[in-house]
Structure formats: C-alpha cells, structure tokens
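What follows are several structures.
Each of the next two complexes has subunit A plus one more chain, namely subunit B in the first and subunit C in the second.
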Partner chain A sequence: MRLVYKITNDRLPELFARIAEEMPLYLPMRGEINDGIAGVNLTRWSGDFASVDLQILKTILSPKGFFFPASEELYKAVLKDNTYEITPQPLTDRPFALFGVRACDAAAIKILDGVFIGEATDEFYKARRDASCIITLACESLAATCFCGMFGINPAEPGGDVSTWLKDNYLYWQPQTEKGERLTKKLGVFMETVEVVKTDVEVHLYSNEINVNDPSGGMPNPFTTLKKVPDILSLFISPAWDELHRTCVACGTCTFLCPTCHCYDIADCRRNWDACLYPGFTQMAHGNPRPTKKERFRQRYMHKLAYHPQRHGVVACVGCGRCVAQCPVNMNIVKVAKVL
Partner chain B sequence: MTVPQPARITRIHTETHDVKTFRVVNANGEKPFAHLPGQCAMLGVPGVGEAMFSIASSPTDNDGFDFSIKAVGKLTRYLHNLPPDSPLTIRGPFGKPFPVTDTLKGKDLIFIAGGIGIAPLRSVIRYVFAHRSDYGTADIVYGARSAADLVYLEEMQNEWPKQKNTRVHLTIDRPEEGWDGHVGFVPSYVKELVPDVKNKIALICGPPVMIKYSIEALLALGFVKPQIYTTLEMKMKCGVGQCGRCNIGHKYVCTDGPVFRADELDELPEEY
Partner chain C sequence: MPQEINKKMRSRAREMLASGEVTQVLAWEAGEFPNYPAPAFFKDETACGRILYDRFCTANLSKFMIEATRQTGRTLVFLRPCDTYALAQLIKENQINREKAYIIGIGCEGNVAVNEGEERGLLESCRVCVKTDYPVCDELIGTENNSRTVVTGSERFEGVTRVEETDTSARYDFWQVLLSRCIRCNACRNICPTCHCKVCILEGENPLEKQFFHIIRAYHQNGRCTDCGQCARVCPQGIPLQLLNRKLIKEYKPVEVQP
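What follows is the complex of A and B.
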C-alpha cells in the first residue's frame, strides 16, 4: 500500500519551490524555444508559475535529452609529452527532478534504459538516470495524435518514481519507487501539511474516462499485427517501401524528437544525436549498404517495429505522436505500420 | 567503452602502396588489453577521427597489437603519414572472436581472404601456429588485385609455408610480368583447389562480393553453412550496440559480429 497525498492546486507553486530547494526541477513551461518561436519544453523551475503548462501533453522535445544530451563531450584529450592525456567527463551525481512527464515518455525512458543499461552500460547515461527522479503526470484526455494505448501504455497510470494526477482542484501525488518515497520524505514538512489519502487500491482516477485501447476508432491495431509478423525478411523486401519513402525529405526531425531514437555519432571526443535517415550514417570507403533514401527510411521503421522488438522484446515506439505532429511532410509511423 | 586510453605506435611496416602495419602499445608499452582472434579495436587521433580495425596480431604475440590499415579516408590517410612513436588513442576489444578455443580445435582449416581482409585472419593463423598441435591442416588462399597489393607477402612466402601441414595459395586478379603464381579471382581459385570437405572449417574475410562468391563456391564443393565463418563490415562508432549504426537486421556487427557463421546470415536481411 502506498500513500496518496492530496495537494490543493493553489499550493502547487509551493510544491515546485519546495522540490527545487532539494534539487533542480524541470517542468513544462512556455517559453521561447528558438529564435522567437514559442513552445513548451521541460524547463528549469524559475518561480514563474504563470508559465507552467500542466495541460500540454507533448513537450516539443522529449525528456531523453536529460539522460542522453543532443551533444555532450565524453572526454578531453590533451597532447602532453607525446601522449594523449585522456580525462573522462565527470559523471553527473547531482540529483534532479522532472515533473509532468507523461506516460508515453516515461515508457520511452525504460526503452532507452534497455539500450544504454543493457548488454553494455553507458556510465554517462546511467549516472544521469540514477540522479533523476521522474514525477509523471497522468493524462486526462488524449490528443488526436496520441496512440500510446496501442503499445499497452495506460496514460492514466503513468508510472515513474512518483505518479501524479490533476483532478477537481487537487494534485494527487503517489510515490511509485524507493526514489519517489525518498523525495516525498525529503519534502517533509510540506508534505505533512497536505491531506493524505490512505488507500489499498491503486489510484484509478480517470482510467475509466479514456478509451485508451482504441484510439484508432475501431480500426485494428497495426502494431499488434506487426509484432506478430513471423517473417521479418518478407517485411524487409515488401514492395511497400518503394512508395512509402517518397514523401520523406530525410530531415531527421522524427528521429531527434522521438523519445526512443538513440542513434548517435562520436566525433572529436563528443557524442551527438545522429539519424539513420542521413546518407553519411553508414557511408564507408567501399560503399554504402543503404545507398538510397528508400533503404534509410526502411531502416528507421524496421528498427522500431521489427529489429528492436526482436532484440529487446518491445516495439521502439510509445505512441507519443511527436513524429505525427511535427513531420513536415506528414509522414509517420502510424502510416507506415498501416501500410505494412 | 566510449572513452579510449592513450596508446603509441612503436613500429610501422609498409606492406603495399596503400597498406601499412602499425604496432600499437598502451602508455606503459604493453598490449592495451586481452583479445581473441577476430576481435577489433577503435584507433583514434583526437581531432582527426576514430575508426574500427581488426587486431591483426595473435593473442600469443606479446609485443603489442598489429593493425594493418589501408589508406582510404581521413583517419587512415593521416595514420599513414605518421612517424613511429606517434601518440594515438585506443579502445576495445570489440566483437565476437572466431571460435578458436572450441569449434576450430582439431579441425582442418581453410582460410580464404581478399585484400585487406587478410588482417583478421592473420590473427587466427598466427594463433593456430602458436598452438599448432591443437589444429589440423591449414590452407591459406589469398588474393589481391595485383602482386603489389598482397599484404604480408614476406611473412606468407618465408614463414608460413615452414609451419607444419600448412600451404599458402596466392593469386592475383590479372596476369602480370614477373608473377608465376596463380591468376584469377579468389572464389574460382578455391573451386580449382577442390579442398576436402571432411572435418574442415572455412574462414572467409574480404570485400562483400568476394565473401558472397566464396560462400557459393564452398557450398558448390559440398560444404554446409555451419562449416563456414566469415566477417562483416559496417560503419561503426560506439562498438557496444548503442549508436545504432552497424546493424544488419536485429544484429549489431560490433557486438554480435564481426564474425558470423554463414547460416546465421540467412536470418538477416541482405543489407551489407
């Protein structure tokens, strides 16, 4: 049995300030994201409650950059006495909290964990994961571009280290992990003053109100049928790819915004996000095994829908819909899955 | 595994007009880490580049790692212009080795290589020589575009044939003056040699087309796929199955390969 704390909405600024006293807190805030373009991203709490947006379902960028930054220096190499002196960047040990992470993005972090803390452990990623406390926020309604339910993700039970629900003038706060319990305890005095709801049952605040499993309106779930495709090789040679890739302009937007895409480049002691849609990605001296956009486009979707499930047992998509919302030519994984 | 250690070149041997063999040690003048034949390492020059190379020396060689490197691009050309005693970085070992400690033991071996593909096989060959009684016969079929492109030529002509039960079969693509050896592509030479299939394991390494036709040649000679090992090459950055670059289907060449048994390739899309 885990306690559920009830916090009245007018005390939310106090809650955020209190968390921020313990550790840097990032939460969805409206602001300028690039050259005068406004948007909502997970941003460091500054006390400006008016800019906090707890309604937004999809921040422009997913939380992946907190663990796997778009560009990071891994080490320094300095030539000294005819030897490269190599100093790895120190591992993050400073705790931080993310508030308002949605169920899809929380599920995506687990998928990234499978890659970076799997067969081999990436110490940089792991240190940041260990230092993080993820406070999720349940979704009361879905956007037209959401399809997390197709992957068995319940947006009303978002997981994380602490789950929260906004309902009837209250924020319900329920620790889910040891880390979540510790944070809750740290908030100490403040938490003791909020109303504690003791419950044996899980919080099912609004799971009944959302039809999570049928966002496609009665259409068969293309992802479950794909997972059952016994023959990945026949999917690979499907003539559908000849047409599917045509509209894609290989901008890479979908890969950078995707919370589960993890491909990277290493250059000059730095690690940078990279995209399988770019021609240089697999270019070698004797040629390129993916010579045209068709093969590169196929790689992105085969990776998500077939190879990742084969290797890690889970589709590398959580239905966040960022690619659906942001692709400049309106190509997306749902379209691809439906055709296949 | 993404952060390298300092290393140093101790010796440079010019093999051909575009291949040099570099001996590399760590900051203490020792081998940088333990490895098995077939495994690779990332060599780097900060500010220039980093790339994957097969460790061409055997674990039984103690003076450092040998890398035989063909000048094809930015890093490799830079390396070719370095003098001995130049500093580098190294990380590894990466990948699965050839099964030298189990499957290959007691077997007759046929090594089939083209061009720079001989580098990883040299590691196995030297390992086999160092444990000669653990293995049966060794036939080395090696080809290159021209005589001037044959890597390790001195070693192959002067040292290897002196080993017990060992034969070296060299070939070049086109006839040329001063060459009295075999002329023709490697796969067809393999067919002409009609190697005995019984108790045999074949190890193939070279350009993708050569691998493909060599496997076909062996199958035509009565080999079955589980008797054939080969290595694949894809662009690599991380070496640990995370950067998502070197996959063929759901396999990552950096961790599941570069050594594959021929029947394992049947499960993969043909994209290499």
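What follows is the complex of A and C.
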C-alpha cells in the first residue's frame, strides 16, 4: 500500500511552485475569453494561481500534444557535397509534469502507449512519455458531455503516476507508480510538512458518489454491443454510412481534440497531425482509395470502433466528450455507435 | 415561440414529403446529449416528429444544400435570416440549384452559446445581428419576433474598431497571440458556407503557418462573407475570427466593372 499525503487547498500554490522547481509543470489554466466561454488548457505554471482551474473537467486540448506534438521536426537534412546529411533530432530527456489530468485522459494516454510503444516503438513519443510524470485529479462531478463510464473508466480513480483528489478543503496525493514515488521523494522536505494519511480508504469514498452519464438513451451500451459484432466487414458495408456521413462537415476538429486520435503525416522533416477526414490523408500518386467524405468518415469511426478494438482489444474512445462539446454540427461517436 | 415554429415545421415537412413536392427535408434533430441538436435529413414523413428547433440549433444548414441539391429530387430546408443570406450567396456562386431547393424561412430570436449543455448567453454573431429578412425563400413561418436581437451598424463593428484603435505593434501582438492558439483543425473553414472550394488552396499546407491560413481565408471571403459568425462559433480555441471578416466587410466597397 502506498502512502497518501494530504495538503490544505490554500497551500496548493506552494505545492505547484515546489513541483515547478523540479521540472516544468503544466496544469489547467484559463485563457482569454471569447463569447463568454473561457478556454482552459494545460499551460505552464507561471505562479498565477488565480488562473488555475481545478474544477474544469476537460481542457480544450487533450494532453496528447505533450507526447505527440501537433508539429515536430524529426530530423534535419542538409545538402553537402551532393549528398544529404541526415541528423535525427535529439530525443527529449527533460522531465516535465502534467497536473490535473482526468481519468479519461489518463486512460487515453494508455491507449496511445499501445500504439506508439508496441510492436514498433516510436522513439520520439517514448522519450517524452518517459520524461513525463502524470499527476491525475479525480472528478468530483461529471459534465453534460462526459461518458467515460461507458468504457468502464472510473472518473474517481484516475490512475496516472500520482493520483490526487480534492475533498473537504484538502488535496490528497497518492503516488501510483515508481515515477510518482520518485517525484514525491524529490519534493522531499516539502512533502514531509504535509500530513500523511495512513490508509487509502478515503480514495474510495469518492467512487461511490458519481453517477456515470449514460447517453445511450436506455439502449444497451452501444460500444459493448459493437464489440460483439462477429465480423468487421458487416460493419464496413453497412448502409448506415450512406446517411450518417451526410451531416458531417469533415473538418477534423474531433480528430485533433480527441485524446486517442494519433494519425500523422510526415512532410519535409516534420511530423504533423493529420486527420483521416481530410482528402489529402490518403492521397497517392494513383488517386485516393477513400474518394469521398463517406469513406473518410467511415474510416474514422471504423478505426475507433472496430479496427482498434481488433488490434489492441480496446475501443479507441474514452468518453471524454470533447468531440461532443466541440463538433460544429454535433456529430459524435455515440450517435455513430448507436446507429450501427 | 420556437416551440410554435417547431410544430409548424414538423407539419409542413410531413405535408411536403407526403405530397411528393420534396424528397427530403433538411432540419435539426435532438442529439445524444441534451442541448446539442444536430443537422439531419428526413426522408420519411413518420420521422418528421423528430424535427427540432430551439435556440441551441446553431449550425447553418445552407452549406449542406450544396450536396443535397446535387441529388435527384427536391430538398426542403429550414433557414433563419442569416442562413438565407449564405444560401443566396451560394446560389449566386452557382453552387446550389435553386429549382431543387424549397426554402422555408423560420423566425429567429438569436442562438445561444452552449457550454457543457448549459446556456451561456447569446452567440456573439447573434448579439450583433443585422439581418431580419430572407433574401431567398419560398415561404415563411413565425417571423414576427425577428427584430429582437438586431443592432445598429456601429455596434456591429465595435470589436473591429477596438482593434483598429490600437497601434500596429499592439495589433500585431493581438493577432499573434490569438492565432498562435489555432490548431489548424479547419472547423472554421469547413463550417463556413462560402468556403466551398473542392480542394482548399491551403489543404495540407504546413500547419505551423496559422496566420497565413487565416489571412488568406479572410481575403478569399472578401465580398462573399455573409457574417453568419459560424467560424467564430465553432473555433475550439475561442479565436474571435469574426473580427477578420468583419474588418473586410467594413472596408469592402463593390466596384462597378464596365464591360
């Protein structure tokens, strides 16, 4: 059993400052405001505690960008004496910490790990993952667009390297992994001033309080039902795609905000996020094997609901609801799963 | 009010599908999550009971009409004033076959922004809305209260004026900070009714060139943008994109070309 530490909420600025002394710390902070909706994103700790938002359940952008940036240079190519000299970019070894990652996003990082650190390892991704310390924060309530419960994720037990939860004016802190233990030790003297709770019973006090949203409208969980579909081909040729794709505008917002979407394109030494919804994604010299929006739309949902479960055993969705909250036309994965 | 309009929309959709005047209806239906209604096509009169119209129906349906009017048969679409401006522009640009569209203008009291299912006041575009009429439509439903959110011209350009009043370097910083937040998700481009190029000139461009993207896009909309505000509404990062378009609307003066 790992120790649980607790610290009063008014000492949180000290805690953040102390972590930031060890390594860059990113936590949910409010950005500027447009139309009355403040964008909260994981932003580097600047000492401005007033901008820190520990109530927000989903940051606009998921944490995936910390491991798999929207655009990164993979190597440099310099022309020298008629030959190219190729130098790979050095791998990150600078540790950093993310605070306030929610259960859904922590689960999503595990899904990404399965893709990038699997049969073939993506060195750039792995280096950043190794350098990161994920400090999660348990959810006290759920937002209207949350549906993590459909994937068996418990928002009250967020996992990560360190789990934290807010309760009765305290932040509770429990290391979950060796990495989490190391960070806790590094905080050293500071953590010693913090009260240590001898049992972790209080962690579980939370889990009973949250009623998980169920957008299935009384139907059986569509994601579980889909898993039972005997063959992928029957989903692929389903006539439902003909209608479903029509109201999608194929912008790709869902793919960029999705914590598990991980498709990219490499152009001129750089790797950039790409999206299966874009016509350029599968463009080849001979043409495009996914010629219309229908095929591209189908690819996105088939990947999440069928191909990924087939290869990795899990649906590539964690129910964070970012696609629900941000889709320009309110298309979403629950709708697609229900129709199929 | 929207409930009354909604009722009439359902019955008109049923009638027109039953009589065969139209083969499909483009409207909104309830989504999987409360207050997230989604655009939908209805082909069957029995499904018309699902047609929904409330202040959360924020998506402009005009752009879907490009695809809809390329199919066989006629499409009934429900449009608010700003949506009809967009549709009129698309007709002007030969993107929509007018014969294949039956347009019912519906009353609008302004749409609301939504955050996690909760109402967060009028959308910025609705707060400064100047449109109450329907430049292209075949029929009207419940348009008596349309004038309620309409403001005067100067109020509409307030945001633009505020930026104009700052000096060049402050203005540069303003846009630099805002546009650096762009993730090139293309929501603004793809929801924009007048962004209908088959292949965008900026498709697959270096995603780091965000300023470039937005400036090119704004210029391409010059004289065509109907100020429906969809770009700003859909931006996940909350970039006030309407300012760019509105600045061009403010400066734009059509030139008479002599043949």
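We take it that the second predicted complex is superposed on the first by the 323 of 340 C-alpha atoms of A that agree within 3 Å, B and C clash if a C-alpha of one lies under 4 Å from a C-alpha of the other, contacts with A are read in each partner's own complex, and residues count from 1 in each chain.
Simple rule for what comes next: contacts are C-beta pairs under 8 Å (C-beta built on N, C-alpha and C of every residue); 3 or more make two chains touch, one makes a residue touch a chain.
Bear in mind that the values here come from a model prediction, so they are computed numbers and not experimental data.
Once the two complexes are laid over each other on the shared chain, residue contacts for A:L74 go to subunit B alone; subunit C is not touched. By the touch criterion defined above, A:I266 reaches subunit B but does not reach subunit C.
Of the two partner chains, subunit C is the only one touched by A:I60; subunit B is not. Looking at the shared chain after the overlay, A:A285 reaches subunit B, while subunit C stays out of its contact range.
Once the two complexes are overlaid on the shared chain, A:A143 sits against subunit C while remaining clear of subunit B.
In the superposition on chain A, A:G114 makes contact with neither subunit B nor subunit C.
Using the contact criterion defined above for the overlaid structures, shared-chain residue A:F256 touches subunit C, although it does not reach subunit B. Once the two complexes are overlaid on the shared chain, A:P95 sits clear of subunit B and of subunit C alike. In the superposition on chain A, A:N330 contacts subunit C only, with no contact to subunit B. Subunit A residues in contact with subunit B (one complex) as well as with subunit C (other complex) are 265, 267-268. Remark: subunit A residues 74-75, 77, 79, 82-86, 88, 115-116, 118-120, 122, 124, 232-233, 236-237, 262-269, 271, 274, 276, 281-286, 289-290, 295, 299, 302-303, 306-308, 310-311 touch subunit B in the complex.
Those residues of subunit B that touch subunit A in the complex are listed here as 1-6, 8, 27, 46-47, 49-50, 70, 72-73, 85-89, 207-208, 233-235, 237-238, 240-245, 247-250, 255, 267, 269, 271-272.
Of all residues in subunit A, only 31-39, 57, 60-61, 70-71, 143-145, 215, 217, 243, 246-247, 249-253, 255-257, 265, 267-268, 270, 272-273, 278-280, 321, 324-326, 328-332, 334-335, 338 touch subunit C in the complex they form.
Chain contact summary for the complex, subunit C toward subunit A: residues 31-41, 59, 63-64, 67, 113, 115-118, 120-121, 123-124, 177-178, 181, 183-187, 189-191, 199, 203-204, 206-208, 230, 232-240.
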